[in-house]
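Here subunit A shows up in two complexes: once beside subunit B, once beside subunit C.
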Partner chain A sequence: MAEENKENLITVNIDGQDLQVPPGTNMVEAVKMLGKEVPHYCYHPKLSVAGNCRMCLVEMGMPGRDRATGEAMLNEDGTPKIMWMPGPAIACGTKAAPGMHIKTNSPKAVESRESVTEFLLINHPLDCPICDQAGECKLQEFSASHGRGYSRFVEEKNVKPKRTRLGPRVTLDDERCILCSRCIRFSQEVAKDDVLGFTDRGSYSTLTCFPGKELANNYSLNTVDICPVGALTSTDFRFKMRVWFLKETKSIDFESSVGCNTVVSSREGKIYRITPRQNDEVNDTWMPDSGRELYKQVEAVDRLSFSSVNGSETSAVEAIKSAAELLKGEGVAIVGSGRNTVEEQFVLKAIADRVNAKGVYLVARYGDDDEILVSKDRNPNVRGALATGLISDLPAEQLSVLASQIDSGEVKTLLATKEDLVAAGLTVEQLKKVKLVVIDTHASDTTANADVVIAGLTQFEKSGTLINQQFRIQKFHKAVPGPVGSIDDLAALSAIQASLSGETMPTVVGTVWERIAAEGSIFEGLSFKGIPDTGALLDGSAFAGLAFAEGKSLHFEPKLEAAAAE
Partner chain B sequence: MAIVVKRKPLNLLEKLYIPEIARGLAVTFRRMLFGETVTLEYPEQRPPIPAGYRGVPTLVRDPEGREKCVSCQLCEFVCPPKAIRITPGEIPEDSEYAHVEKGPKEFDIDMLRCIYCGMCQEVCPEEAIWLQNQYSMSGYSRAEMVNDKTKLYELGGTLPDEHFKWNKKKEAAEHGGGHH
Partner chain C sequence: MAIHPKEQRLILKYADEPGYTPSIDSYLEHGGYDMLKKAVTMEPQAIMDEVKKSTLRGRGGAGFPCGLKWSFVDRKSGKPIYLVCNCDESEPGTFKDRQIVHKDPHQLIEGMMISAFANNVAKSFIYIREEMPHGAKILDQAILEAKEKGFVGDNVLGSGYSCDIVVHRGAAAYICGEETGLIESLEGKRANPRIKPPYFPAVLGLYNCPTIVNNVETLCNAVHILDMGAEAFTKIGRPNNAGTRIWCVSGGVQRPGYYEVGEMTLGELVYDICGGPLPGRTIKAIIPGGSSMKILKNGERYTGKNPDGSEYDWGLEDIPLDYDGIAAAGSMSGSGGMMVLDDTVSIPGALANLMAFYSHESCGQCTPCREGSLWLKKITSRMVHEQARPEDVDLMLDVAGQIAGRTICAFGFAVAWPVQSYIAKFEDEFREYAARLSDPNADRQAIKELACNG
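Coming up: the complex of A and B.
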């Protein structure tokens, strides 16, 4: 593909350096290819071009042509003569044309940027000490690198409302807004919920919601991410922590099979916020609001902080020992989960083979497709269970088969991970009939009736991989340590398998992968370290016959996938 | 390179040493009898503290009694031994100072860590933290050596303010700021 594109590449000249770019590339992107930056506010690579902030001004010229003859005009040394435009042009709205020359650092370009910066700062409140954006604010950065460093404005600054509630999760500080319209374009183009607009003119211009509307869609917090200044703030994160203290960990959104790439920001073991991480194949630069709240489960009141056997607290090691004893018994069934990582599912599969499981189940969890970044399948890793061979068919929402197996006495022992069996259709009586081993993070009816409870970790406290709806395997990393008394689910499962089989079993993700990849399965050749941060596509054709529930999402077409598999 | 200090050879009077002892005792008795003391009876007597002295860091209020700190956490960031710990908070909307929006919910300075470098005072954009003339901190436990918000304001008191910048901001808002 790269070959045929070479033909129509356009040559442009940036600051005296020739560069070949695909047609349609704008000058901001072209300059970025050279490793330089044209400062910009309103331009966003995933949104339409508005060209209203004027920060990206550069000098531009085209090779001249003689009006009379149409001949190319040449300098004395035979090079094409460049006719420079009298005024600067915006780089974001200028598409590459053959022979186009631009200067990003000429005195005229520098002066344009300084002037734009001075104008933007005229009415800006400069309240960086109390602004949450400080530290990741484009206006702050560009004022330092492209500003004059002083202001000639002596008049009174504009005053606008400082805490307007735009919606349940977004608060607007109107004084800081530089009227770039990114948030408006995002709402129209990506969230498809056209609620934001500007009212009034000149220095009165104000960002508002249309009358009777509010910014309440499930993507509203993306406007906070793309706002180049601190005008749009997250009501949840507002005034909680300055961003320069936050440690960023690459993670994945667990809420559905889309698998949005995320960044978890934490300080000293406490998570403060979750923001999207760019992956052009999955979520571009967006993520749903619902996925940003998942960190609250880490400190939820019903969080399990210790393991127990028959209701009394024990160490994890003791609990694992008792669990293995129980699983050596007769009639063992396993309830895995679409929330388990690929590694956990792999070890679960080994346990299932070892105990000759009477059945291995997953619990399906369905919601509505929003056609953007939340899919119908609300389990992040059902495909992982298929790929590891833990299950061979799509799971059902209710465990009715398991229920009848318990009633008939076929199943006498149950190992369940990360699922509330009562919510999945089993009754408390049925749970009481079997020996029950549960690995979970939060208290539920199931843990209350279990013989052995092993306190596991949430997604933020461990590392692992998930397979999303495109059969893309993506990894996430540990952001914070788990509570004292908990144990990594993978380590617990591996220890159980080791004591069942009498063989050693690797307990950390990296070494478990040596086994996963050695199987000759679709994981062949992969390693945990070797999976890129944006994931690796697996060959899912073996599962093309299954009727996956998801509809279309931002970068996923169910039919296309089926067609490609044929 | 070592510097060798040459000693003067002793003269006869010094060699006899008794006259020298008498001379020394004369100084002692002069101080004792004529009150020329150079020491202080600490802690009853305290030395005068020169201006610009870097004592215990404290938080101050402006002459109106408003707490000046807006919990920007720059001091926490700049503090070399990581002695400062701030929990930021929001000023409620019904407060007189609602327009300041942000203030510290908790503010702890661990005086066992503090090295009195004054970086916090230098970095503070609100002139809210000052190393003043308090120089002696003692306590019976580690916990006692951590100054919390109440203690810090107690130590800091009120300092004059030249700007009253937040008042100006509030006035601007009341007059329609920029739009007359």
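Coming up: the complex of A and C.
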């Protein structure tokens, strides 16, 4: 909005207050600009307008014009005379036009909201105490703020199906559904998987999947997020935790270079769910289902919970000491990771320089590009490795160069982070030929054959930054503590570098950033604290010559056809 | 069926003539398609002007001026323009379009082709009610015949203009007859009415193209406007109410049926043509234009001021039988489905019956109509099942008030108006009904019998 040409702005009046907005602005959004709220259920800023819940009814008027002369009609004091519409209008279906007036809190508007609230509640079960949505339920909130507080309904409530399985991850309670159709529109417009619809009519309308179909696409859980009530619930999350107990931590989806912004919800060190966080430049308000399951790796059975040297458990400090000793040897190569943070890659680069590495590698990971929010590049931070100078070219999927370096005896020592080298093409025999230091979170063939294993942290247990496909640097924060016996990867790498170089090294993200910003690269002027929650675009032009793998991904555009008709 | 001498038949002129069949031969023998032949020699704009001059108003319910509707069509978009004939006649009490389709389908086809030619329509559709399968067959056959003769399809009558007519059978719901719901349904979707703005059919109609939706009877009138000229057409009926109208009279009269009339009063139709109430009964009220219209009570005086300042003071039977006359009496002529309620009818029972219908037919899109209609059904049904409460009357009024004017389409009014008008006109009956039921000594059998009369 800030770049919007001021001259194109028009003036509308909301509750007596003039406001400058671009023409065509949705009035729900216009009211939001004033820090107020028009309550709504069916309207969603990233979906087409349905206008069916009728909760956003407001009074609307336009400056009057004399029919005969076409002249503007004026009040006695010379102000434009506003011709108010006889009935209320939906704010969500009203687009800003010059001189438009709306009243969001007039007696008529208040009464409209009260009646819609009454209507929505008459057939809605009164089961908030056992409903998962309680605490983040729009119906619950608006009933409190816009309801009359009593019921005049003495008839029997409608009975509809409960606990319907809509798909592998979504469970539906039809009695709670207020038929706002957000989920239907999401499936059609964003997920491009048109499987939901209503059957029956009137108050007996029932949300369901088309015959023979199920809501199984990789975006199905977004319907749960946008469901304003407790009708659509996540099969994974339902009945696990009351939402008001959850601590919310801003995070990033690690599964691809899209870098969806997320919120990790946890309580007492345990993660319960991951939901999307709005970033209009990256993921709008959506995220893939696959990214929501990543928290399960925190408590996976193969999680490394202690460091070891030559197979015996040891303290992290001992493991770091041993690692540094090994890396002082000859023929050191480094395998970094596109799953490392920018800070880790920065320190790895320093280590690589220090040990005069025979090679620095990353492992590329490719999958299908769904053209929505999962890109082909399944590493979240290859661009971080490029920007920190850790690597200078796009990585390969297999470590064949490194394999031949090991075979030829050129590489005798290996430092690997967050990668299973066997999965990346090295053989166990090759691993046995070298002194191997591994920093990782989960057991693998690589950790089984390592001389030193340092138990690191998952993305949920540490803070850091990633650079996504747009060269947008985005930060994520520690949501839960790591297991006892683990150590922050960044701290471990810094300690190794300190031991190698004899210098003191910063060990936490904030202070590492003082070094990163001082290097005079594309990071100049940035600090960890200074990166906004929605990220900051970096100048990636230096890498324009590289053939990145990503295709197009989702971006919300308002429906052009409807907009043009105004 | 014999034609009553007071009738003035234009559209149904030949329909009930002995030996007249829906075939194209019958139609041609009676001068059929002459007006289409004339139309294709005219400038399209001239036809549109003629229709505008005729002051023809829509016969589907709202009574919107047809020429004005045509003038709204976006002709600059570069997109094809569609014409849709709304033959989803489903307003309770209405059965006029059915007569045209079953008895004189070619008149509709001619009217459509004239309208299509005038508006440079790329393709036309007849959206026919699912429950009229026979009508759909007749139309299909008629279009086939008309195509053979070159009245429909490519290069109509050698004019270079081409337009096909497709018969589409509806999705069997009342709401499919709502203009934008019909368009959704025609596109193959659930017939949820669209929000306006932005989806005004004249701009973003069928497949988001400019679309004209007209009622069957309205389109047939195009033939007669060309035939007699706009000026002669306006001479039928009072100013601003030009042309004949087909009224469908049902309920407590001696001769229910459909009657096409020009200018007359409601009394002339109900008493003279339909023979008045059944022996021994009196007329209690009349629903003038289909079940969603406001009820008119017999014995009441309808007073007010005409636009010219003169005053009127009518009894029920004096109300002019046209758009403006019935509107002046506080209701609407709607679709022309007139229902006569005699003194045996229980008004609460009638309302319960109607609410059962409307709650069943609400599409379920907008909260007020979806929830309100079923709530009203539950209240009225409880009422007639001997559990009325004194506060129900006020509650119903309140609920109806919370629906009217707060929904996407006019269905909200269709639910609210009967409630509001029945209670306004018969509040005593509702109150007495409720009071009687709270009396422990009430004759419950008598109440039950009364209730079942709805």
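The definition used in the following text is that the second predicted complex is superposed on the first by the 550 of 566 C-alpha atoms of A that agree within 3 Å, B and C clash if a C-alpha of one lies under 4 Å from a C-alpha of the other, contacts with A are read in each partner's own complex, and residues count from 1 in each chain.
By our rule, contacts are C-beta pairs under 8 Å (C-beta built on N, C-alpha and C of every residue); 3 or more make two chains touch, one makes a residue touch a chain.
Treat the numbers as computed from the prediction; the structure is a model and nothing was measured.
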Mind checking subunit B and subunit C on superposed subunit A, clash or fit? fit
Considering only the touch criterion stated at the top, classify A:241 as touching first (subunit B), second (subunit C), both, or neither. first
Once the structures are superposed on A, label A:423 by its partner contacts, choosing first (subunit B), second (subunit C), both or neither. neither
One more residue to check, A:396. First (subunit B), second (subunit C), both or neither? neither
In the superposed arrangement, does A:198 touch subunit B (first), subunit C (second), both or neither? second
Figure out whether A:115 sits in contact with subunit B (first) or subunit C (second), or with both, or with neither. second
With the two complexes overlaid on chain A, check the angle at subunit A between subunit B and subunit C, Cα centres, nearest 10°. 90
Thinking of the overlay built on chain A, is A:130 touched by subunit B (first), by subunit C (second), by both, or by neither? first
Just subunit B (first), just subunit C (second), both, or neither: which does A:53 touch? second
Could you tell me if A:155 is touching subunit B, subunit C, both of them or neither one (first, second, both, neither)? both
State whether subunit B or subunit C is in contact with more residues of subunit A in the superposed arrangement. C
Contacts of A:542 with subunit B and subunit C, given as first, second, both or neither: neither
Rounded to the nearest angstrom, what is the minimum C-alpha distance from subunit B to subunit C in the superposition? 8
Jot down the residues of subunit A that show up as touching in both complexes, subunit B in one and subunit C in the other. 123, 155-156, 158, 203-204
Applying the document's contact rule, which stretches of subunit B touch subunit A when the two form their complex? 70-74, 76-77, 88-90, 93, 99-102, 125-126, 169, 172-173, 176-179
Quick one: which bits of subunit A touch subunit B in the complex? Just the residue numbers, please. 123, 125, 128-130, 134, 155-159, 162-163, 203-204, 238-242, 244-245
Subunit A to subunit C touching residues, read off their complex: 49-55, 57, 86-88, 90, 93, 95, 112, 115-116, 118-120, 122-123, 152-156, 158, 178-179, 181, 197-198, 200-205, 561-563, 565-566
Residues of subunit C touching subunit A in the complex: 173, 175, 190, 192, 195, 197-200, 203-204, 208, 359-368, 370-375, 378-379, 382, 389, 395, 402, 405-408
